[in-house]
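Chain IDs A, B, C and D follow the sequence of writing; residue 1 opens each chain.
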Amino acid sequence: MAFLAFSASAFAGRVVTDTIPSRILGFDVPCNVYLPDGFEESSKEYPVVYLLHGLSDTYKCWVETGRMDMIADRLISNGEIVPMVIITPNAGHNDPRKVLNGYFNTPGRRYEDFFFQELMPIMESRYRCIGDKAHRAIMGLSMGGGGSTVYCQHHPELFSSCYAMSPWLDEKGGEVGGDSEGDFLAVVCNSVRENSALDFVDRADESTVAALRTVRWTFDIGDDDWLLPLSVNMHYKMNARGIKNELRVRDGRHDWYYWPMVLHYALRWASVGFAQ
Amino acid sequence: MAFLAFSASAFAGRVVTDTIPSRILGFDVPCNVYLPDGFEESSKEYPVVYLLHGLSDTYKCWVETGRMDMIADRLISNGEIVPMVIITPNAGHNDPRKVLNGYFNTPGRRYEDFFFQELMPIMESRYRCIGDKAHRAIMGLSMGGGGSTVYCQHHPELFSSCYAMSPWLDEKGGEVGGDSEGDFLAVVCNSVRENSALDFVDRADESTVAALRTVRWTFDIGDDDWLLPLSVNMHYKMNARGIKNELRVRDGRHDWYYWPMVLHYALRWASVGFAQ
Amino acid sequence: MAFLAFSASAFAGRVVTDTIPSRILGFDVPCNVYLPDGFEESSKEYPVVYLLHGLSDTYKCWVETGRMDMIADRLISNGEIVPMVIITPNAGHNDPRKVLNGYFNTPGRRYEDFFFQELMPIMESRYRCIGDKAHRAIMGLSMGGGGSTVYCQHHPELFSSCYAMSPWLDEKGGEVGGDSEGDFLAVVCNSVRENSALDFVDRADESTVAALRTVRWTFDIGDDDWLLPLSVNMHYKMNARGIKNELRVRDGRHDWYYWPMVLHYALRWASVGFAQ
Amino acid sequence: MAFLAFSASAFAGRVVTDTIPSRILGFDVPCNVYLPDGFEESSKEYPVVYLLHGLSDTYKCWVETGRMDMIADRLISNGEIVPMVIITPNAGHNDPRKVLNGYFNTPGRRYEDFFFQELMPIMESRYRCIGDKAHRAIMGLSMGGGGSTVYCQHHPELFSSCYAMSPWLDEKGGEVGGDSEGDFLAVVCNSVRENSALDFVDRADESTVAALRTVRWTFDIGDDDWLLPLSVNMHYKMNARGIKNELRVRDGRHDWYYWPMVLHYALRWASVGFAQ
């Protein structure tokens, strides 16, 4: 029947759930990978976007809640973005009782090392990514927006674009607290404080600033998001150091209304960066 | 913890699942009703939007898949639409094995009669709707877009705005076929043909045309939707009769990527109509 | 010939240039008035928007540079806003050598008194405005965005909506300086400092805060506008006092790229306010 | 003074008015060329967009009325498009009394030959364009939208993207008539009929169709534009031949409200094409 048949063919890309065995972490890390229409039939190499999730969420959310595959399909199909691979790794713990997570190195869990030394080389080889700075972008929401920003601060030579959505850029101002998760939340908050993206800009020497200028930066956050001051301050601080960056404040809160909407802008903008 | 606590308070409106006992149909019809923030605390009356679902779907889809509550919350909260009640009735059958449905009268199932004689008066009384033409709009997707259009053709004195999304306006051109659902699909197709919105415009006499001019009309459909010619033809036919109407063709297909996006436009536009 | 004939009929509304004789100021104040399609033929009363220009500009700019008539025509025609009267008064000086201007009372030039005691009653009577709070909005750019904000602070009982575009809300942070215009610029800057919209929020007592909550507020500014911190601070301060307000930061600077774009949002949003 | 100084630095790109001496036409053809920020300081080569004007207009309109320089500046500055050269040639006549014009070869005026044999090679060499299909796009309004389409039909090997705004694709349905310009209008209409873009698709053989599939096509037109049926028919015809193309119908007429708005979409979309 036409109505049903039509829907079945609506999505041309494909999401693969994969696993990255990690010696550094000591456990396997699950990951969703979006492969654009025509990936299997071609032998060409693709640009890659790393798309990071938020605190107490998993690698599944960008597909299941955010429908990033549907959005990417649509934007590729109508020519608003170039075909690209999108990788959403899990930032979680091996122990399923520990629901909280994080993108930084913490005692006994060197996630950032895993990301750069294992995840990136393994996945970019496995999924035919071009693999240079010009064709690699990173973006994420909340803790993943902070993670994207800090990863680009630590490795500006690796990414052309960073799009931080509702980012958690520093423990100060974020007012994250509570004790329901006990020690691990304290560990995450501590790691965010130690990896403060705001402080990094303040402290950067001139050669670091020069390197940061080679990345395209956007901070995008809702006007009703309690993390707003962090993004605004980041915009001021980067401007003060002469690091060009975009700030967007749209209507919204810290929720899944905002992120799929903003993903459209983020993918379009990253795609233009791949051409420069 | 702030991150979780925040999400819990994010949605201010409320969706109530209600049931309308129908003598005309002979069975109870389920329905979702969106009540805006503050509804319970106030005694004021509200404008109402009827939001119709498509073929082989149910009253649940606009909330579960389309997140109309989240969208309405956001638009009311930021002042883009006025607070309003939104009603999504089921167009289905009592027999759960008959998944197909329809908005028109068919032998043994007088749904259109039910809609105007039972659903509307019962629900508008129960949920404190203003209940005049100026403060009543109707919209829907696919078969529900066709239903919205035909209902406004039959009762232009009852609605200020009609927003048809990817509408099925006539059996011709829609190329709906197949036999998996057997007889009932034939019944639906037949009812759409008999209630052709396109033919109605062609056949309307001058007093009918004058009445149709008192409704605000929009037809909104994706450029990759196989029903596109129906909306384009409707635009031409209504223009030819001097019935002002808006046509929008955006990127998209006949799917749930299109409808939540378009619901933003539809609610904003209906809201402006409530002020006129 | 069709191509040319078509353009001639494209704009249905009409801009009238009028003059308001002012006893308070001691000179005549010119003004553009947008009258929607059908104004002359009807006897109905309309909502009104006051649309204010910026420093060293005149009442002409919103039509000549900003094409507000074309924008209003389009939005009324397609049903995105209700028909409304739009008034753009001159904030200038009688002496054409004094190019700078201002919306506040200054020695020998009581412009704010003129606005409320002469301009508003005269124009709303002359152009058939409904004339109540619910159907009156104010908006403006730069100095006119600041003027709109302060007028609504002084008279929250008169306006349903305030939409401040790239607003100059306080002399601090605006870094307006220079001496090319000599004393008059100092007078303007001084009047902005004395009428600081930011300080007003800090100092408001509870009954004033309650009154401010009856106005719908939006602050909309470009991320490359040097006045950005003023709008951000206003958002924080109003939030701190529980005065709901919208903040939007789009791509842009302090220029005529930004303002016509934002006028679309401002008129739509004010129009929804007229229905509440 | 800050307010004025700020505006002065607002536009980073530069518009050069140049002249192309034409042996084929026998007269000089004026042309505006947008050079992006940094053009003079660099030695790199750029992608190029040809941006065509409409009937009875000139090469000046896209800058003077459409502010394409301001739009391109903004989109390049915020990273929504890559830096590019934009060329707006005059389609006029040497005799200033003959205000009408055209993009096709007519007796004694071989404009299309001039475009491909003289304009393109001269300008792309003079303004450091990359000069391959991947980095060349064409777009235009009305007669220039038709011209863009037909040029891509005749030379699909030269353009990666074609974005036709409110295009005049065939004399039929366009209802262009009148005699105020006398013979020359008849000549233009005749040339549009002879170069019908619609007929071209119908008549294309398989190898031509294969070539047309290598161009990215968008047709974008207002719902109140009397040329709407031409774009809709073009979409149907190209779909029928399996030539992927985008159709957009927004609110609007055949005027300068529509074209600057649509230029944003057109430049973004062409820019993505340069990356593929």
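Methods note: contacts are C-beta pairs under 8 Å (C-beta built on N, C-alpha and C of every residue); 3 or more make two chains touch, one makes a residue touch a chain.
This structure is a prediction, so every number in the text was calculated from the model and none was measured.
Rounded to a multiple of 5, the Cα-based rotation taking chain A onto chain B is 180 degrees.
Chain D has its Cα centroid 37 Å from the Cα centroid of chain C.
Each chain gets a centre from the mean of its Cα atoms; for chain A and chain C, those two points are 40 Å apart. Among all residues of chain C, those that touch two or more other chains are 78, 80, 246, 251.
The touch graph of the protein chains shown is complete. Interface of chain B with chain D (complex): residues 223, 229, 232, 235-236, 246-251.
On chain B, the positions that touch chain C within their shared complex are 78-83, 161, 216, 218, 246, 268-269, 271-276. On chain B, the positions that touch chain A within their shared complex are 1-7, 10, 54-56, 67, 70-71, 74, 77-78, 80, 142, 174-178, 180-181, 185, 224, 226, 251-257.
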